[in-house]
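Structure in structure tokens, see below.
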Amino acid sequence: MSDATPRHDGRAIDQLRDVRITRNWLDHAEGSVLVEFGRTRVLCAASFTAGVPRWRKGSGLGWVTAEYAMLPRSTNTRSDRESVKGKIGGRTHEISRLVGRSLRSVVDMGQLGENTIVLDCDVLQADGGTRTAAITGAYVALVDAIETGRAAGHVAKKASPLTGSVAAVSVGVVGGRAVLDLDYVEDVDADTDMNVVMTGDGRFVEVQGTAEGEPFDRRLLDGLLDLATEGCADLTRMQHLALEDSEREVAR
Amino acid sequence: MSDATPRHDGRAIDQLRDVRITRNWLDHAEGSVLVEFGRTRVLCAASFTAGVPRWRKGSGLGWVTAEYAMLPRSTNTRSDRESVKGKIGGRTHEISRLVGRSLRSVVDMGQLGENTIVLDCDVLQADGGTRTAAITGAYVALVDAIETGRAAGHVAKKASPLTGSVAAVSVGVVGGRAVLDLDYVEDVDADTDMNVVMTGDGRFVEVQGTAEGEPFDRRLLDGLLDLATEGCADLTRMQHLALEDSEREVAR
Amino acid sequence: MSDATPRHDGRAIDQLRDVRITRNWLDHAEGSVLVEFGRTRVLCAASFTAGVPRWRKGSGLGWVTAEYAMLPRSTNTRSDRESVKGKIGGRTHEISRLVGRSLRSVVDMGQLGENTIVLDCDVLQADGGTRTAAITGAYVALVDAIETGRAAGHVAKKASPLTGSVAAVSVGVVGGRAVLDLDYVEDVDADTDMNVVMTGDGRFVEVQGTAEGEPFDRRLLDGLLDLATEGCADLTRMQHLALEDSEREVAR
Amino acid sequence: MSDATPRHDGRAIDQLRDVRITRNWLDHAEGSVLVEFGRTRVLCAASFTAGVPRWRKGSGLGWVTAEYAMLPRSTNTRSDRESVKGKIGGRTHEISRLVGRSLRSVVDMGQLGENTIVLDCDVLQADGGTRTAAITGAYVALVDAIETGRAAGHVAKKASPLTGSVAAVSVGVVGGRAVLDLDYVEDVDADTDMNVVMTGDGRFVEVQGTAEGEPFDRRLLDGLLDLATEGCADLTRMQHLALEDSEREVAR
Amino acid sequence: MSDATPRHDGRAIDQLRDVRITRNWLDHAEGSVLVEFGRTRVLCAASFTAGVPRWRKGSGLGWVTAEYAMLPRSTNTRSDRESVKGKIGGRTHEISRLVGRSLRSVVDMGQLGENTIVLDCDVLQADGGTRTAAITGAYVALVDAIETGRAAGHVAKKASPLTGSVAAVSVGVVGGRAVLDLDYVEDVDADTDMNVVMTGDGRFVEVQGTAEGEPFDRRLLDGLLDLATEGCADLTRMQHLALEDSEREVAR
Amino acid sequence: MSDATPRHDGRAIDQLRDVRITRNWLDHAEGSVLVEFGRTRVLCAASFTAGVPRWRKGSGLGWVTAEYAMLPRSTNTRSDRESVKGKIGGRTHEISRLVGRSLRSVVDMGQLGENTIVLDCDVLQADGGTRTAAITGAYVALVDAIETGRAAGHVAKKASPLTGSVAAVSVGVVGGRAVLDLDYVEDVDADTDMNVVMTGDGRFVEVQGTAEGEPFDRRLLDGLLDLATEGCADLTRMQHLALEDSEREVAR
């Protein structure tokens, strides 16, 4: 397929879906964002609590962690609840760990001090790219939670717990060409699927590429990394817009 | 306290909070409602599938069931996920069973035919009355799911799977007087807490009253039942409005 | 059916089954009762321990809780053990919580002091009404456990940890009329099933009514509450007889 | 200590505690026995069902299995429920397997035909020797269940599913001498503890001896086996008496 | 079968399989042994840690415990992992407890001091006798772990934590005659299967005999005990050889 | 640090540890390999069974899956067993999934036919790189299992179930420079850790890179990919040597 042929939803190969970041979607949480990548909709709630888990007490360091989950009917057909099954699946574990690591990569734990932030990323509707939307939204919720914690006196006035920003996007090989931000239909068809997490200054935090069908060569890998770099830069701009805005909602 | 003294949020003792019923909040589910009772916000997704569980096969009867859960940060302080704890708590079990029974009370399983509808009620934000909001919203999602099933040819054209409508409200004794539709602040203070589920024609499906503090006498019980009857009638009207509307959202 | 037509076992509509309360059925427990409502047989063991759970330490308050369970062959056909299944079912959870709340409603935790009483209610044989028998028997075991705790010096000599007594009975609509204390055969047939927990002075602690078939109207609900009030008063008398008796067994 | 010195409860070294076997203690089970070895009290319920587990279907063979459990307050101090802990402990597993193997040792599975018998042995009160009491009582319940199954036409009229009887007793070394049927006080003190399961014709089904303190030599082992042989013979006589009796209860 | 007829693998009835004890098979563990009884191969790792579990703190006593497990493909056909099933089976529990008790029988906990040793016995390949191989190998690993603990200063220089040695072997009745150290083929055929654990000075720690088929009489039991005594004496010699050797491996 | 400075164990930056691949380490498994990368030692057992899981029946396609686990004392300090904890951790899940995907990438499921191969990769000793060693070893075991299945007539004589070979290696940034095949000491220190799975013809199957410390830029990423390509080519050669050899063991 030529790179100029539009994708099944009309997008160009290097085009993100409509992205929408709605801050303060919840009343209780110290930070919260409803993030939408097209029809993918993830609720990110950041809970700030003074103090750290026992194994970290007295270290002077804070802690940031994340939990990812999908509502049973976020998907096309209903999935059983993991709470009902009594155990968490491998995919859920994997993504929770990825989101946590990604956010920790931009936190200076010493500057955060002995405080804990838990990011709950619950997928209300899934249409591909839920983990990358989760990371992108959770970063914004994290910023708000830190400021809430600072306002409450738990974070020092002059502390800079954040060393940068972080965003994520998926790229993949669909119909033989590299495309940005796959939706569910493209994801199912993709030969290669890669999730890339990057800092706002363009460095890599995570690169996770998997050949679902054919193994991929170095040239293709390079192309995917180029696309992802561009996509993350776009998302970074939207995160900053959302955070600058005094209002609740920013859309692309 | 005199019955004329306004409540902490200015409501009269027999006044519901602002109620909002948003249909089709999700794209995939056969029926879906975001229901709001004030700041309480519950996402009700109805999943229609042709066929029934094994134990019901060949009976000619359908099946309707429900699962209730709270997002970890729906509450004031974060709660651990039941999927992470590996088991479902008693309260969750209890409410899931209540929601399921309540909806089954208005379904004619023979008219539904061998089809299954699962109602997932996920609390996105909790401020008291989550189970009654869930029942009230799930009924609307159920209606939509049945019609989706009918459109897909799974429910007979002339079948009437619904024998009526169902709605629910909480009532309680706060500061010595009976009040309708308690929010979290009132719930914590209540001496008696009662959840009442009623059909649209004013009959009882469930009455669950608990003395949290002082046991209550028959006169007080009678007063609570009166208030609940009135509240459920109001909610029934709002459900009908929401269902008549061609648009997505109905607010009180 | 006329109210004068006898029930399938010959009882009048407002007649309890034969009730038997045998105290001190166990040698180790601080209080224990084998309670029988007809063929329903529940062993209630009250364990008194000095001290309270961690979350209650230093409060000066005691704690009372309950666990309900059924032996696998208490029922007509054998059920799997919840220990083997590795999780507790919703019904078990619900009833354990109900029993605990009911007993706490007559305990003054300050008078009890920092002591814990656990009521284990194990159904040895089930023939309807196991939860109401459990509450009725557990109250008697609770009284004995408190006195054992007082004799051991853990409860102050002049303390009055009990604010009253508590008993419970089921009522329901069978064959169109309200009847008291349903056995299993009636329970299966009932359109409405209600469990009522009352204090010895005739006030309500819990009212849990469910329409298994037809929803019920207010007049029927009033009739059920009348019957339950009468039944609980009878059970209260039997509890007092059992407690006054120096011997082990009291039967109606 | 001389062999003539009485034990802490006055028994001779080769004397069983008072044994009581009450048949048909339950109304629903196909066979049931309340067995008492002194203060140890075990309820044995035998559930007969036509058919066998899937892995045995079509084999023409029956299946017999057992589950052992203790009520939380059967012991001196309350133990947590295994259902609440969500897993079965090693000791419970071990004893369930022992009871099952012991009963299977006297069953001709071909004669039983494709029927299943589950023996539930629930300890209502524990004072040492619960597993041996369970085996001894379960055998009697098993006999009754087979006859119930025969009466219902599931077992052939002329079939002989039982190849003999089985009973069990504990022996141990307490204060340097071998004694029969240890109660809890002796069990705690014992250097060696041995459970012996024997058929009615005096052969061994299981021998499980453990040095809790000092390892034991061959002479001591021989003495223990002699005592156990004698004790099992006594129990066999009591089982036969109980089964011959038309009435419900047999005591030693 | 005459006692002179060779067994299916050519062994005499009182002959062990080739036994091989390889010390220090692992680099990290404080003591480790790969023990082989013919094709049965068990990796025994002894982990020494200063300190004891909470319930033993301040007692001055140490603690020794064991965990036994089989790799999924140690057997002829693959078994599911217990970690995947989410629970440990009865057999695994039973054997872990047996190994722990056996090793504790030769440890003077006061001499060990407040230190803990965990013996992990993982079956890499199973061909009968895995639990007896585990005990025999674990003893050697235990000796090494104690010396490692002593070298690290956790065990007093002059302390004697070991009161003797311990070894184990299986015996059984195959084809009507008593044989020593059954492999899998014999185990499947055996009428009686007995595991015997003995100290180096010839006393019994555990005797666990089970009639898989026919119950066994006293004469047969005596014969099995004689064989086991001989077998344990041989294994004791091999353990001592292994421990005397400066090199890593000792084979029979 | 200059690229010429030797690593803590003397290796060059692009040098693998000593690699050893021992085939047929087990007697029962259809394919088995003990693979060693330096002190890392992983036992890979391939179990071939005719037939596929229910969800794949009738598809004509085979199935290949993997389970990874660590023995409790494979590590420096003992870890609790996942079977004892009753749940599998996120890391274990993640690696099991990675190994399964990697091997499936070189299997033509149609050529395999309706047969299942399970790869059990149990880490006997861990010193970094356990997942890459597991993949590298499992491929060899897979080849042997397919041939065993072919010999048994389950795989067609002329079928080519393998489309290529697969191997894996870790690379990382330690002390500022990219190095190949990190051991535990280097892993702990690494700023970036990347696992790369490649086919024998030099294409990528998985690329999983994580910034443990500083995010990494594109140039560094490119360097890591170069190193990994070289390392996988070396491992591919060793796999082929091992498979060509008629003897059991191949070392680098």
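A, B, C, D, E and F are the chain letters, set down in written order, and residue numbers restart from 1 in every chain.
We adopt the following convention: a residue touches a chain if its C-beta (ideal position, glycine included) is under 8 Å from a C-beta of that chain, and two chains touch if they have at least 3 such contacts.
Here the structure is a predicted model, which is why all the values come from computation and not from measurement.
Peer 1: Applying the touch definition from the top, give me the chains sitting in contact with each of chain D and chain F.
Peer 2: A chain counts here if it touches both chain D and chain F, which gives E.
Peer 1: Using only Cα atoms to place each chain's centre, name the chain farthest from chain D.
Peer 2: For chain D, the chain whose C-alpha mean is farthest off is A.
Peer 1: Tell me the angle, as a multiple of 5 degrees, of the rotation that maps chain B onto chain D over the C-alpha atoms.
Peer 2: The two chains, chain B and chain D, differ by a rotation of 120 degrees.
Peer 1: Cα centroid separation between chain A and chain E, in whole Å?
Peer 2: 52
Peer 1: Would you mind pulling out the distance in Å between where the CA atoms of chain B average out and where those of chain C do?
Peer 2: Chain centroid spacing, chain B to chain C, equals 29 Å.
Peer 1: Just how far, in Å, is the C-alpha centre of chain D from the one of chain A?
Peer 2: Between these chains, centre-to-centre, one finds 60 Å.
Peer 1: Scan chain C for residues touching two or more other chains and write them down.
Peer 2: 86-88 - these are the residues of chain C that touch more than one other chain.
Peer 1: Assign the assembly's chain-to-chain touch graph to one of these shapes: line, ring, star, complete, other.
Peer 2: Ring.
Peer 1: Under the definition above, what is the set of chain C residues touching chain D in their complex?
Peer 2: Those in contact with chain D are residues 26-29, 32, 39, 43, 45, 47, 49, 67, 69, 71-78, 81-84, 86-88, 92, 118, 120, 122, 124-125, 127.
Peer 1: Chain F touches which residues of chain A in the complex?
Peer 2: By the definition above, chain A touches chain F via 87-91, 93-94, 96-97, 101, 105, 194, 198-199, 202-211, 214-218, 221, 225, 229.
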